[in-house]
Amino acid sequence: MKINILAFGIAKDIFGASTVDVELVNDATVSNLKYLLEKQHPRLKKLATYMVAVNNEYALDGDTIHERDEIAIIPPVSGG
Amino acid sequence: MKINILAFGIAKDIFGASTVDVELVNDATVSNLKYLLEKQHPRLKKLATYMVAVNNEYALDGDTIHERDEIAIIPPVSGG
Amino acid sequence: MNVQIKLSVSTLHLQDCVDWVMAPETGGIDVFVGTVRNATRGRAVIRLEFEAYEKMAVSEMEKIAQQALAKWPVQKILIHHRTGGLQIGEIPVIIAVAAAHRDAAFDACRYIIDTLKQTVPIWKKEIFEDGEVWVAAHP
Amino acid sequence: MNVQIKLSVSTLHLQDCVDWVMAPETGGIDVFVGTVRNATRGRAVIRLEFEAYEKMAVSEMEKIAQQALAKWPVQKILIHHRTGGLQIGEIPVIIAVAAAHRDAAFDACRYIIDTLKQTVPIWKKEIFEDGEVWVAAHP
């Protein structure tokens, strides 16, 4: 399945775009997604940390990703 | 010496006036003043507590009172 | 000057208070706004009367501000307090503290209101439909 | 409703925020006002850019407000946050918490700003004369 990933903050700079498409197998995990993204964009590994949000909720590495989920890369937040 | 005492809050109600005159010996202490006032106005003893200010500073029982000092009775404060 | 203390018979203005403490090097401001509650222990309050021993109240507030400046890395402190009659919803006190970092602003602001309520010679009378009470006067 | 959350590209209005949380049964309001500091680690900041993952940011702020309501006896909570470009002295965030008693207002307000800075997907870019940095991105 092709998943469109939203990027914010420095992740947008790293991807060079506010979204990127990733090809994932069905029932891929957040961890699988991170592995793929880090292979394509090694600068992600230089971040202090980053999270993945699935449908507007922070996801755990073992959570699975389904078609039509809204996926976003959340680099370290700095609001306030 | 005759000292004019300022009263605030409930102390004003107890004295029935915003100031009262008290006759004190020279070098009378705050403690002497309280004793006198409580004799004349026993309701003072019903207060949760009260302080005496000498020249706009909280005074201790042993502090002495001099002519022309500004003396005030400070019942429990409740600002804010 | 990094401290502003005021006793006032007229309405306090929140925006003015915050504008006064704000500076280019400020990162956070904590503001405490007191309000006149409509009830005390279930009894309806009609209005409040505040009385102050003005000169001493100002000097005690100044002392508290100086203590806060000594204890925490804060930049500016403002304390405005009303006197006279206040209706429900009016503002008896505004304390604003600006700091480069917010922890100091929170700590100092809370210290100031806590200490003000213990030491500053200001008295509040609650007026009920059937009487009035000087707050905290009796045990 | 006892919670108001807003992300806004235009100026935040302090007085409106405090008016919204104030109620007849309120005894104290604690307000945190963030401001744009003119320097970070000695380096002059020209302006800031805030970016938000808007839908998630609002839902995370709503969660924090609900947690605060569950943890402390507070009456109303308001969180307003800016997005887009801000100049020095402008206000990125206002948090206002009303309670019958002030301790709860202070505790809840501080919890909200501390948690917001950890969990709400909003990002701040500091723009210097000679470059720009996404705050907190790198170790």
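Letters A, B, C and D mark the chains in the order given here, with residues in each chain numbered from 1 onward.
Methods note: a residue touches a chain if its C-beta (ideal position, glycine included) is under 8 Å from a C-beta of that chain, and two chains touch if they have at least 3 such contacts.
Not measured: the values here are computed from a predicted model.
Peer 1: Take subunit D away without moving anything else; what clusters of touching chains remain?
Peer 2: Components, subunit D removed in thought: A | B, C.
Peer 1: Roughly how many whole angstrom separate the Cα centroids of subunit A and subunit B?
Peer 2: So the centroids are 72 Å from each other.
Peer 1: Starting from the mean Cα coordinates of subunit B and subunit C, work out the distance between those two points in Å.
Peer 2: 26
Peer 1: Using mean C-alpha positions as chain centres, tell me how far subunit B is from subunit D in Å, no decimals.
Peer 2: From the centre of subunit B to the centre of subunit D is 48 Å.
Peer 1: Mark out which residues of subunit C touch at least two other chains, giving numbers and ranges.
Peer 2: In subunit C, residues 34, 113 touch at least two other chains, as defined above.
Peer 1: Listing for subunit B: what residues touch at least two other chains?
Peer 2: Residue numbers touching two or more other chains: none in subunit B.
Peer 1: Touching pairs of chains, which are they?
Peer 2: Applying the touch rule to all chain pairs gives A-D, B-C, C-D.
Peer 1: Taking the complex as given, what residues does subunit C use to touch subunit B?
Peer 2: Of all residues in subunit C, those touching subunit B are 34, 50-53, 55-57, 59, 81, 92-93, 113, 116-125, 134-139.
Peer 1: State the interface residues of subunit B toward subunit C in the complex, per the touch definition above.
Peer 2: These residues of subunit B touch subunit C: 6, 8-10, 13, 46-48, 53, 56-58, 72, 74-80.
Peer 1: Given the complex with subunit C, which residues does subunit D contribute to the contact?
Peer 2: Per the touch definition, subunit D meets subunit C at residues 14-15, 18, 22, 24-35, 37-39, 88-89, 98, 100, 102, 105-106, 109-110, 113.
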